[in-house]
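Which chain is which? They are A, B, C and D, in the order written, and residues in each are numbered from 1.
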Amino acid sequence: MYNETVMANFQNPQNVGEIPDADGIGEVGNIVCGDILRVYIKVKEGKLDDVKYMTYGCAAATASGSMMTTLAKGLTIEEGLNLVNKDVAKALGGLPPQKMHCSNLAADALHRAIRDWQKKTGQLPEGYEEAEDGHDHGDEDGCPVAE
Amino acid sequence: MRKVYLDHAATTPLHPEVLALMCDFMRDTFGNPSSVHSFGREAKKFTQEARQKVADLIGAAPEEIYFTSGGTEADNIAIIGTAMARRKNGNHIITSAIEHHAVLDTFKYLAKNGFEVTLLPVDKYGMVDPDEVAGAIRKETTLVTIMHANNEIGTIQPIAEIGRIVREHGVVFHSDAVQTLTKIPVNVDDLGVGLLSLSAHKIYGPKGIGALYVRKGIRLQPIIHGGGQERKLRSGTENTPGIVGFGKAAEIGGRDMEQESKRVQGLRDKLIRRVLAEIPSVTLNGHPEQRLPNNANFSVAYVEGESLVLSLDLDGIAVSSGSACSSGSLQPSHVLTALGLPHEMMHGSLRMTLGRANSEEDIDYVVESLKGIVTRLRSFSPLAQPVRA
Amino acid sequence: MRKVYLDHAATTPLHPEVLALMCDFMRDTFGNPSSVHSFGREAKKFTQEARQKVADLIGAAPEEIYFTSGGTEADNIAIIGTAMARRKNGNHIITSAIEHHAVLDTFKYLAKNGFEVTLLPVDKYGMVDPDEVAGAIRKETTLVTIMHANNEIGTIQPIAEIGRIVREHGVVFHSDAVQTLTKIPVNVDDLGVGLLSLSAHKIYGPKGIGALYVRKGIRLQPIIHGGGQERKLRSGTENTPGIVGFGKAAEIGGRDMEQESKRVQGLRDKLIRRVLAEIPSVTLNGHPEQRLPNNANFSVAYVEGESLVLSLDLDGIAVSSGSACSSGSLQPSHVLTALGLPHEMMHGSLRMTLGRANSEEDIDYVVESLKGIVTRLRSFSPLAQPVRA
Amino acid sequence: MYNETVMANFQNPQNVGEIPDADGIGEVGNIVCGDILRVYIKVKEGKLDDVKYMTYGCAAATASGSMMTTLAKGLTIEEGLNLVNKDVAKALGGLPPQKMHCSNLAADALHRAIRDWQKKTGQLPEGYEEAEDGHDHGDEDGCPVAE
């Protein structure tokens, strides 16, 4: 089902855990749908100095978090916001169709963490809406559906 | 690496005696049982012997056994066959909310085609209440189908009691005994069923073969039309090696049932005991006593089922989960949903179904492996660790 | 006693390579392909390889191959599946009078359930006239199904030509290629079919497995409901050993077709030549040229088919007959009836279908045996000897 | 399908052939249905001195003819008329249900042969109707049908 890159990132996920004194935290997903991804960031000189994550979900969610954090570390804030879900899935060498939404969790959670940092530091762009970062499926009916 | 197969409810390996017989048969006896010549008659003789063995296992007559391509088809023939044949008597059919998809999806199909369907709820252990069955039967009811035991949580239904009620109302009663055959006694008269579905690959027999027991006098409309094999109920050249293998598996399964079920239940009880004692925040799903001897179904809080399944797989352990992720269906299993479990416990379900190959050592290995996996997955689960910052 | 199997149209022995592979597979790989763990993934890998092989044999893509329990079920899914899925477009379906029962009985079933059916006649050789197909298509027609070659008389239909006509009308075209696969080229694009039925046990593969080719874009309603296997078209745990055996048989059959068909046709031609030359009052049924390379179908005047079959059987020779007696149906085969044969020739039909195991010596043995039998049976046939007294 | 007695009588049918100077001939069945049985008898001193038959039909028809003629030889005319189809089937050790009509051919044909002899010798009982001896299925619709 999963390719080797996905399995390697599931088996040995990179950057898992909490950053106790994180500068920003973002979480997407919920327990109804069965997948949650939470991202912690440390920002230093306009760059993502450290990125960690915790996840509850299928193997694809764990692997996506691992790949996303690996890709995100060292990026500028701007670059972090430009890292999209497709980049993560691509870096993983692809995901089964019914698991694509898992990869969506990872970049979305990163964006939320960045927004959280921006908010805390008073840098949130004017007119920013949370919904822009998507993926806040709220209830059972709203859970992502495979094509 | 050690390999431990704990997914016997999904399928089982062929029993070595079944394998040997099938390979001999496939080499020596290839005739079409419908053929008049010696090749055909020889094949027919073997299939009739197998029919007798399957019949013996469930206390039926051989002419009440109709071979099908598996349990799914048996369920479909039983349900569609009865509903269509009795359409003039009514258009209402009854089942439970926790049936196998082979039953539930067939009900959905019939619901789309003018039938009224009732899905009975179950209690938190997955039990159907016989009184609810009685209450649901109407003048127009033509069929009630309740599975003998559930494939996910192992709960065994009070089929004999339900059967009595259904028969009193003159309604056809079907039960899916795919999971109970050779695990607990299955006797068509004791259970009071008119129709019973069986599948060979769950009892160390071959895949692609099953049977429907049809009590003498019950008429069914076929769903596959053609050459009129299986006394016109199921057309298509017979899967003779499958039938022969099924017969052998039935014979062995009946012979060894008591002893093997006891042995497996001992291992299963130990598995449940250790898991519940040694891993925090784990619960057992299904009925504490009225359950299949080989079934354990846990909910592990804070971790998701597919991750558990794949992590165990990396340790050589094969299990399954009713989690949405695992099934690829994006909805947790309808069985766990019907039990009314909290979402978290549905997503973290883990089914371990034991069988012939399992030993004490397997159980020890699995418990140790699971302990480590749960600890590791929980270490980065946001549910286990609320946001601090 | 010498054994000569001349009933390859009924079923074939397993090719030794198929047998070996299946036995290995059944011993080593028992997982359920739907399972997430390694046992399941391993099984899935094998079934996907087999799917590719079957696809390759008919020039299809692997995702256009849907495994079924056999040719009969493939025919049923094709016909019921199309008729039901396209019910909104019309309720008229077309076939020929000489199809296999799997097609004709399915048409009967649909006719009883509100569909209008047309059965096209055939000429004295069993040929369908493409113009008749064109003439029968109406606005409400949703499906045309014409078999590639007939199982009794071996006549090969002009499928490519019929396919062109059917497609021009935007109607789904199905063909039953159960008898042609590995005997003559079967390519879904050359034939212009949307749906094609296949069966493994006619090509030295296992019984109980077949496939339906479904061209990308054609939607079918399933007839068996459940777990959603075979991309939701055919539910039920996969018959993995059957699938693997089918794959191997397809591979071998494709590889050896040209050479083997030529060899068999040589024997068959000799059989026909000698029988017609050496036994008086025997005729050949079916098309003189457009016929399967392995099929010979005779009518022997003055003697009845079952008596021929059983007498040959006593000499170790396995053949079949479309006689009423032989089938136990008390009506001679619908195929012979459709050809318009005199009653006497219908009752005295004899089908000999050759295959891999047959040799020159077999043919000589069979001709000598048949000569003696016909002479003996005629010696006390009242048809051969009119009343004198 | 057939038991050993049936097969033995099919393989080595007794009393097959014609009696060129037969005293009576009876035939039942027809080509539409695919089974015909013709019986020849020689009568001597009120007994069936010789009985022979010819048949076109399935193995059961041949075996039934063989068994019927074996049973009939030496019987009185009265006894011959009392020999019924069931006796033949029973002596054969039973026939498959769908072949029972074949055994019916044999005794019916014998009765016709006896009636033929009675007619020729002016002994036909008053009020005798041919239909009494049954089994004269005339066309396709009328062919015997298995239960």
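We take it that contacts are C-beta pairs under 8 Å (C-beta built on N, C-alpha and C of every residue); 3 or more make two chains touch, one makes a residue touch a chain.
This one's a predicted model, so the numbers in the text were calculated from it and none came from an experiment.
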Inquiry  = Let me spell it out: compute each chain's centre from its C-alpha atoms, then which one is farthest from chain B's centre?
reply    = D
Query = What whole-Å value do you get for the distance between chain A and chain D if each is reduced to the mean of its CA atoms?
reply = 91
Ask   = Where the CA atoms of chain B average out and where those of chain C average out, how many Å apart are those spots?
value = 34
Remark   = Chain centres from averaged Cα atoms put chain A and chain B apart, in whole Å, by 40
Query = chain C: which residues touch two or more other chains?
reply = 36, 306, 310, 326
Inquiry  = If a residue has to touch 2 or more other chains to count, which residues of chain D qualify?
reply    = none
Ask   = Think of each chain as a node with edges to the chains it touches; is that a line, ring, star, complete or other?
value = line
Ask   = Name the touching chain pairs, would you?
value = A-B, B-C, C-D
Remark   = Given the complex, residues on chain D that touch chain C span 2, 7, 10-11, 13, 16-18, 20-22, 25, 27, 31-38, 40, 53-62, 96, 98-99, 140, 143-146
Complex contacts: residues of chain C adjacent to chain D = 302-304, 306-307, 310-311, 314, 323-326, 328, 330-332, 343-344, 346-347, 379-383, 385, 387-389
Inquiry  = List the residues on chain C that touch chain B in their complex, please.
reply    = 5, 7, 10-14, 19, 22-23, 26-27, 30-32, 34-40, 69-73, 75-76, 100-103, 105-106, 108-109, 199, 201, 206-209, 223-228, 235-242, 306, 309-310, 312-313, 316-321, 326
